[in-house]
């Protein structure tokens, strides 16, 4: 519409003055876009849905499958049979990446490619906003955290091999009882070395001495890297990531940080940012869905060294779905800097209230809030009285009782479960320790939560605990 | 996107050559639009959904409620609370028209206004394509046929009064048993004068002598107009519209044609086109849904005299919903000239098959197809044997039996129903005659139908007739 | 999905316990609907979009055009060519009403019909919530306020004629300078009798003496009704509607209230409610878009007498677009009782702030806020200094200057414009009076506005006034 | 809606008979679903969009994030900030899989999980329909072909290691010049061994002797598997997959088939099906977008041995995006068995025409169609005259010339390009051979193509070749 010719012709239908005013509005939006392209930063304020839809459709028409009058014969791709599917992907059907590089530009899909590039620069900006100013590069992968960890490990290994270090096969891993972290190492064909955590008060923390001892014992020539963790379920605290980064620098071994849902917490981002500065970090991985309120399926890899991050992108064989990037792109434009900042601020402000309410609920049935100062996302209350004997069944039963009361965000941990994953036996699985002091319940104060939700949640939790205890 | 500045900036993200190619694609679409604006005709080929969505969103941003950074305070309108609603109207929330004229341009809604104007010029083109080349002007009203008839009558009356003819209150109406036609006159505060039809063979046709006699009897000074009908349920044939038009010219009385679903039939459009040429027609009204495969709710008024058609638009008090226009605008772009032409051709080609199949179904139970050469949309078969006695109940029962077998398009007429509408008593209501020869069933061969549908329909119809007869 | 059979079969794919939980969720939604159907009231809390979409699609499948395996041959309607159109109407293509009654149920469209009936009961509830508890019946018409007024007048007239009162042709109309109100009478073929307003301080109010004198002068046998107005642009205050209602009762003449955007103001709804109680009101008309944040195109007719309101529905000839009802239905479910209550409360709370800010802006350039205590939606500031001489041009110029600065909600009134509408000459058109005291600017504090918008608006207004004065 | 209670309540608004009819329609759809759940096969006819949308939304309400009145506090996921995003994923935000298994059911997302399971059974059925009746299991991975190959290789390796075979690191690979195939091996940390093809006439075919020699040379204890290819660009023919399968069986080495876009060709599916029967195949991978007209991003893994295919699913660390599955699920329901069968039949029927037209275009400028009988998707014409000297530049230039004329589906191959991928140097890259006989152009006759597209394509191709030759 917005060409001189078309606006002039439109002036024959509708008074030229009104058309001019309409043309002004188009130009304002074009300037919004100019700003985005030139500054490579989140817009201060979020865009309205119309602006977002317009941009997506403008991008779509830059892809060859949408070229009017294209002679698509010979093409094997981007034909879409269902109108429901075409509409839900805004006609952007080419996916992301090329065989050589998941971040590479596709000649046949200029619009899709531009969306990818913009998403990556905006993501860098949003990480800076959240506190990781030392991130020099960030890319979004259309795989969730577990697979992104696998790809990071495979890239580290390929690099080591290319440098002649063919024996590097161990990943030192301060224990975190989350299955896909463990599997990310196994899937990469590597050997995880579990470093048990130390109990400090109620809290489980990195055992640096044990880590150093393992390095000593296994030999740096055999160690690919350490995989450390920030965001995790209490009573585990975040790892001593700065110390680990320094250790890795000193011993010249790799370091991958699993910052899965840590972008929402300034404590975690501060930790990552410091680690980037003072020690060695090759890659830091975070989930898109858990930090940015999008559907499951994407992750962000960032690091202090742009080259290595890009190598991970190059490791990805072939193209991939654009869905996780598209969801994130839309959401970042929708929120803008102010919108995301508000979400971060609101979460932070709710934490004390959440802890207080949990604590009161615990007190009411003779339990208490665990003291876990190095975790400001997840919180626990003991269940020592509620679950009198340490029975796995009781924990499971309480868990499903809560779920059936539509309390979907808690986890009841017996601390006595045994589980074997890919041949490795874990004691006390779920509790990040072979023998934690007693059963407990965790819940997270996650981004997007509201005070009303907390109230409803605590009210139901209280009721369920009382009922359960009474049985 | 499509500014030099933005394309250049995009070239820093994606190779300039690919961006240029994408830019070309945008320009192709802009030229499609240029063509539309300059030629004011349906595109030869239909547009793809992406092109249509893009145009609608470009128009939306020309409306003040979508101006980025608008200071909307003080406004009482076009705020939309629900995202579902905003999306379903493509952010075009201002409706159509101004207090002065339903076709007028709204200063605050240049985009919506342009959509209206374009719809009106495209509709004129599509009417020409369908055979009404003598239509000098066409406007779409966001009201269905009945109300459009009322507005046409009110405009005729206002014009007559303005010319000092204050006693014109009769509308001569060759009987057509469709309630909203009759009500359209009553609602306008006018007095319908029913002209009974003449039976010619199986068919009911305009009784021109009776019409002339009525003019004589009532006096032209008291007669506002004749309301004639083209498309109708057989066994009524279309009216002798040319003759009526000549009669109206001769006696200087108004003439409104109800061409409700006649655009789909070249016989009806030829009739209308001739009437425009040889006699007097003030306005010809057609439904949007029945001719153009859109949801119910709009109508098109056309005529040989642009000024009078526009006066009807000016008669409409205030603004109105844009939905019927928007649906039609999208559909016309979607179909294009070729698409609509194909629909017309396919319908025409199916008519002989439809008649043959109906005829065979009739023969199978001792009935026959009525001979109604002046109706090529609706067809009837007798039910003399099937419904042995002329019972209203039997007709109703057969009708609901068909509906419950998912045959939704038939109408069973007893020919013996009596009905009073707005104080006027009709004998044999539904059959367009006080006493038609016997009960029958009608069905229409309407635009959009397929051969498969006919086969399924006839198969179920046959089965139902046999079962019914057996009861 | 939600049948025993399907849930059981699903249990072979996904653990039966999870399926059961999912089934519970379905049942919760079904109960929401049960509640809606049984109580016929707005839900306390708004529904989420998924619930609304599900209900609409469930309704759609009850319409015959969506029957799986329907033999649609013979049908002339509800075939939809464009997927964009089908989706935007949620596959509800049958429109509303039947030839006999715009509120009537369509046999072929049970789902669409149910939507209409639910909309009407919810609308009654929302009017009660807003303060018109004496409304005994409410119907939504798919026409905007102007046409709804016309239809109300035509119905009154038809009723009068049926009772033998054939000379009733005058509508007494306390002047309100809004074109479509005036046209609504003319379009109905009636003769408006303008009752000039009385200046009381800054405010223009109903001249009851003049009204009574007109009744006397014209004779009740010739007067169809009074058309009074609540919501209007200041400096006109709302009419003395209670007094008018009593007058109409006493003289046995009709009374139609134009409450266009008055639902948002408890003052207006109180007025209407009282008038229903103490005097005669036949119908009260309000806009859907101006009160309920939906696109332009619908209106609500309510009254103290259900029978008359239903007669208006029966007056409508034929079917019509469902769009205005569908938009309103979605929006009412989306908002719920609490949501709408909040909107009302927020508007009310903003009024003092809006007035204060306008007043400060006026003071800054030597003007003042007009004192109009009987209007709590629209407010004025004088422009005596800004527009030194009473020039129409100056007013127009200031108006367009504001619009080009994206201040779209103001109206600058010269008070000296002359305008002829349908043959009737108005002096000082726009100012509701032949000679108001001086030029002024109005702006409305409308539902949906925010404090931020007011701030932006006043800031731009101030700047524009200063610039304009300086020229 | 469809409960006795609700239908009865609805009967108070709309005649019970119509409601009953609507209820019937609901039941018909429920039975469609019953059929799907019970038979686990594609519906014979495709579903309409309304049925698909309804099912998706019913599934969505079974996910905990959509539970009405859920106390979501504590949850870290499936909150969606943007309405555009929520709508485009039909409110299904949980992704697919669990940490343990990408095909596993999620307790919190019964609806999403059911969608995944249904997709997998329907995909097995569609593969059977296409000719791979020996596929015992099929799963859809939300990664494209390259990554699916990597995951298959990693799983094979893990299995080998678990069985004590720790030295298996070679993948024997009959050369196919497609970058992501090669990278799929490198990314898995394995060592590709390139087996050059044999020229037979114009065609490049598997060199079985060279393959056997390599097995001999490297030792089976060091060989993980062979990766063979069906669909490929001519003049490479599909591999001798049956022979390879027998060889692998005989030597007890793994075998992965890359059947990227081979589902559309009955020759390829026959080949795969035979190989499953007569020899060893561990996994066969195909793209979703290239075979099923969905956006890029998914792949299907099938095999003769369900256990191994499921192990690949278990290898995937963590959850993933549901987008590729959702697109495929919608598309399979949309097409139905008949729809997909038609697409297959139409493609097959177009092949002779496509070849003929290409051949005529070649003849016209002194070139010829290459004879490649073992490839019925991709076809080549020589460019010996058009590109006189074997210049890489000329090929590139012709390629971009075609693209700029909107012929996006061809590939011009110089046959003299050298390229190094992950440290491995390829001569003649793009031509599947170190030194093919001369430059050529390829184009594919892909599923979804129409005769009109072929005509437009050949017309432009002819014009471009003539112009190019003339330069």
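First chain written, first letter: the chains are A, B, C and D, and each begins at residue 1.
Heads up, the rule we're going with is that a contact is a pair of C-beta atoms (placed from the backbone, for glycine too) under 8 Å apart; a residue touches a chain by one contact, two chains touch by 3 or more.
Chain by chain, the UniProt names read as follows: A, B, C, D = O-phosphoseryl-tRNA(Sec) selenium transferase.
The model shown is predicted, which means the values in this text are computed figures rather than measured ones.
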Pair sharing more residue contacts (C-beta pairs) when B-D is set against A-D: A-D
Remotest chain, chain C as reference, centres from CA atoms: D
Copies chain B and chain C - rotation angle from C-alpha fit, nearest 5 degrees: 180
Distance between chain centroids, defined by C-alpha means - chain A, chain D (Å): 28
Centre-of-Cα separation between chain D and chain B, whole angstrom: 47
Intercentroid distance (Cα basis), chain B paired with chain A, Å: 55
Junction residues of chain D - those touching two or more other chains: 21, 49, 53, 64, 67, 69, 83, 87, 107, 403
Chain A residues within the chain C interface of the complex: 17, 21, 24, 83, 87, 400, 403-404
List of chain C residues in touch with chain D within their complex: 1-3, 5-6, 9-10, 12-15, 18-19, 21-26, 28-30, 32-34, 37-38, 48-51, 53-55, 57-64, 66-69, 83, 86-87, 91, 105-107, 110-111, 113-114, 117-118, 121
Parts of chain C lying in touch with chain B, wherever the complex brings them together: 49, 52-53, 64, 67, 69-85, 88-90, 92-96, 98-100, 107-108, 142-147, 149-151, 154, 157-158, 161-162, 178-180, 183-184, 186-189, 261, 289-290, 292-298, 315-324, 327, 330-331, 334-335, 339, 343, 354, 377, 403, 405-410, 423, 443-449, 453-454, 456-458, 460
